[in-house]
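Only one structure is covered here, and it is reproduced in the block below.
Just so it is clear, A, B, C and D label the chains in written order, and each chain counts residues from 1 on its own.
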Amino acid sequence: MDESLRELYQEMILDHSRHPRHFGTLEHPTHKAEGYNPLCGDKVHVTLVLDADSRVADINFTGKGCAISQASASMMAEMLAGRSLEEAQKLMDGFIHLVKGEDATDLSPDDREHLDVMAGLSEFPMRIKCATLAWHTFSNAIEEGAA
Amino acid sequence: MDESLRELYQEMILDHSRHPRHFGTLEHPTHKAEGYNPLCGDKVHVTLVLDADSRVADINFTGKGCAISQASASMMAEMLAGRSLEEAQKLMDGFIHLVKGEDATDLSPDDREHLDVMAGLSEFPMRIKCATLAWHTFSNAIEEGAA
Amino acid sequence: MTAPFTNITGKINRAFDVAAARADFPILSRTVHGKPLVYLDSGASAQKPRIVLDRMNEFARTDYANVHRGVHYLSGAATDAYEAARRTVQKFLGAAREDEIIFTKGGTEAINLVSYSFLAPKIQLGDEIVLSVMEHHSNIVPWHFLRERNGAVLRWVDVRDDGSLDIEALDAAINSKTKLVAITHMSNVLGTVTPLKDIVARAHAKGVPVLADGAQGAVHEIIDVVDLDVDFYAITGHKIYGPTGIGALYAKRAYLKAMRPFNGGGEMIREVAQDRITYADAPARFEAGTPAIIEAVGLAAAMDYLNGFDRNAVMAHEHDIYDYARARVAELNWLKVIGDAPGKGAILSFEAEGMHAHDLATILDREGVAVRAGHHCAQPLMERFGVTSTSRASFALYNTRADVDALMAGLHKAWEILG
Amino acid sequence: MTAPFTNITGKINRAFDVAAARADFPILSRTVHGKPLVYLDSGASAQKPRIVLDRMNEFARTDYANVHRGVHYLSGAATDAYEAARRTVQKFLGAAREDEIIFTKGGTEAINLVSYSFLAPKIQLGDEIVLSVMEHHSNIVPWHFLRERNGAVLRWVDVRDDGSLDIEALDAAINSKTKLVAITHMSNVLGTVTPLKDIVARAHAKGVPVLADGAQGAVHEIIDVVDLDVDFYAITGHKIYGPTGIGALYAKRAYLKAMRPFNGGGEMIREVAQDRITYADAPARFEAGTPAIIEAVGLAAAMDYLNGFDRNAVMAHEHDIYDYARARVAELNWLKVIGDAPGKGAILSFEAEGMHAHDLATILDREGVAVRAGHHCAQPLMERFGVTSTSRASFALYNTRADVDALMAGLHKAWEILG
């Protein structure tokens, strides 16, 4: 059995993809965006509430797509909730470094550990876009998605 | 010295191309046509009078182009004058066979001898269109060029 | 060109020897992730036999120059090779005349050529184009352009649940406003082969011309455009074991005269002045600029290669592999095949329960098995079957039952991991 | 990509070694009519070095699949190679971003793309397009289309008797109705190199974008589209020692968003439904269908090959050959050179007294010397100089003074026969 496959599709990922956290649409979001990967048809819709301190007070997503894209969106929502925009940006940069197999020293040890299940992606360069779709959608929501 | 070149550009050809016979435009043609080779820009304009017996009573041409195309037009006009359409067709078929290096048995011994100066063309396949331009123009004049 | 079915050397009309054929394709002996390559993605693009690559290489090394405009030897040699390639395509498609063959850069451009040159100049607000829901985007988007730009109406014809064309619905969709029927000869997702001759007969009965998208059809069927009586037939080189960057459109001579030029440039003119211009006749009229000379030569080599086999034996072989695969996947109760039309070609699309096509393809890839996953440039068809993507194994002459076994092993593994 | 001028192995920044370079081109060792080939027709199409042909062959034998849509290994490998080729073109032209490079099937299509996607949607009756009389038909016919179809007006700018562009006339031709200046970077007949940076500055001062036809320019000049500030720059692969069937358009990012799709098909869409459609961003938006994958890889190999030399040394070599040829033909009082602009590139066009270009080319061909004869797809320029055709010797990096000597011997012979 191919170890890298086992690592990619480990229990945690499959669990997130089958039972996504923060799944749904917020009723009164301050920001939202839709992400789409035309190559595979994956879709992610992100709604969030940014509070007065520029913290992610709440965040939800809906989507359709492969296990990687859905698990990644679920983990993202889980981890972003409660963070300031600055922290969110750092987390996103660290995540992207991690899945690309680059140095992810910008991640806190806690976050690094939490995201460890995604580290196996670096062996699957063709699937990295699946993993980053949700994050780019979040970033678009912040930048251009004021509701 | 390349013999095939000498044969292609023999005195007779150069003489026809420099001093074309039947050069000009008939004032009252029964048929006319313009031939054009877009690849090289060669042009031939043929005017002719077909008499009641379907004989080429008179034929002229004007044109611009290489030695081969002009000499061929000049020889053609010279040889077609006075012939019936049927004879003209036979001559044309024979001529085309000749320059392509095919069996030209459809030519009368006289015509064959007269056209011998063109036989060298079969060594120059890329120039055959130059030689046949005038003939195709004549044929077009007969078929669609009633003036 | 080697004529099909007439070789008296005994080389053809023999049973198809797939092992020998596989040896013609260098890439098939490579490994992927340490496993032997099992290439089941020929529907996207076929691999190329050595003889095609070598012919192009040799041509470029010995006889290359630009075509048409030159008097010198190499220019003549290149022109001869290019025009011989046109005759090869002509014979491959059964066209009556070589000037009915226009070289394009691929199947997509061939269809766009019909749109820009034939239809666009005469389309009016409210005019209709009939097409099926199983069309490839290449046979959809050009018509959407005419909708957006000229107010044309697209009339969609459904397929039945088994993926076969609803020919009665097609017939009913053709009316006095219809200007063109644009229909695939073989679906790249379902494998469905459409009854093209019947379609053409019905359309012609109402005075409507038919464009067939033959990107897949020309690979898997024996084509005779005269017998089909089809008006336009588009093919692409890279799916038929030829190079990229080349395709062709067959267009009936009757239409060619009235068709407007598409790209403008060298070769396609008669005379250009500052204030006026006249155009060359077909096919030059539609081949602006330096054509894909080396690729045309390669395409002809690919057609010669294919015709070197008994085409019927190749077809029988492909059907055998498909039938075997179809029977094997029926063992898997978590897998649903999309496209079961009678007489369909060797393309197997399916959905796996609880598995996204991309995850499945990734797992198969680790086993060396290359399949496509996605919408296959056929989004309206995905919508018709209520999916966003499928997995697709497509078979070519070089595939074997062992390839199918490898696919099955990979599917079992995927179920183990994702199921 | 091998970066130019930075190789520390000593392979570059050395004087250009033409003998070594010639050995890279297999065709140059062949004979024609029993004489060594003297290929002076690179302006029509250049020969290809072994490394380009081998790279394509190897890619097709080992890493080939369709691009973009696949998850499997080969699809990724092919996509990587294709997108790496785009970056090679980007760097070759000095573009700021890779998505400003659109692959086309050649220079002609690159120009047509600007016409169909950028200009056609906004051109109005009476709008003007400024172009020079020395344009190639590929940079004329697309504008004639807009004249015929949309009522655009073509404003022709003359060249001076020496073949140089009349820049004042060009400036004067640009007015408030001008929508585009379409100008060659280097004439394929005269060898004139236009002052592109100056042209762009003058056009931009009046708010008018500039399209440069770089089919010849990109071969013989070092291009930096950012420094030139040119809006569109069209190149073609086969003239730059690359394959046929491939070219590219550089388009400034600022324009790309507003440009309408040209060909419709796979890859260029975002979402397709029955009644609506959205399009992908550039460059995909303008690359409908399976692209010329193998050819793009070949084009990149050709650019790498060229950049493996000190480009300035190559240019100096070409100018040396040209200067030598120009001096030698000056010995012949029956031969008239057309095009003597200062700073011109290595193209020599001429008329011979009492000899038609085709007859001359036939005689030269028998000596193994390949030259072009005809209107060179530049009929308005022929008219400007009162000729119907010229003979043209065009020089590439692999030509030598010995080639010029062979040309001279052939010219003497022609005079003997025809003079």
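Throughout what follows, a contact is a pair of C-beta atoms (placed from the backbone, for glycine too) under 8 Å apart; a residue touches a chain by one contact, two chains touch by 3 or more.
Because the structure is a prediction, the values reported are computed rather than measured.
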Number of steps on the shortest touching-chain route linking chain B and chain C: 1
Pair sharing more residue contacts (C-beta pairs) when A-D is set against A-C: A-C
Most distant chain from chain C by Cα centroid: B
Rounded Å distance, chain C centre to chain D centre (Cα mean): 31
Averaged-CA centre spacing for the pair chain D and chain A, given as whole angstrom: 46
Length of the line joining the C-alpha centres of chain A and chain C, rounded to whole Å: 39
Computed distance of Cα centres, chain B from chain A, in Å: 79
Contacts with two or more other chains, residues of chain B listed in rising order: 39-40, 126-127
Touching two or more other chains - residues of chain C: 33, 69-71, 75, 269, 271, 358, 362, 373-374, 379
Parts of chain D lying in touch with chain A, wherever the complex brings them together: 68-71, 75-76, 269-271, 280
In the complex with chain C, residue positions of chain D that touch it: 26-27, 30, 32-33, 37, 39, 41, 44-45, 47-48, 50, 53-54, 56-57, 60-62, 64-66, 69-75, 105-109, 111-112, 115, 133, 136-138, 140-142, 144-145, 148, 154, 156, 236, 238, 243-246, 261, 263-269, 271-275, 277, 288-295, 358, 361-362, 364-365, 369-374, 376-377, 379-380, 383
Chain B residues within the chain D interface of the complex: 1-2, 4-6, 8-9, 14, 39-42, 64-68, 124, 126-127, 130
Contacting residues of chain D [partner chain B, same complex]: 33, 356-359, 362-363, 366-367, 373-375, 379, 382, 388-389, 413, 417-418
Residues on chain B engaged by chain C in the complex (per definition of touch): 36, 38-40, 125-127
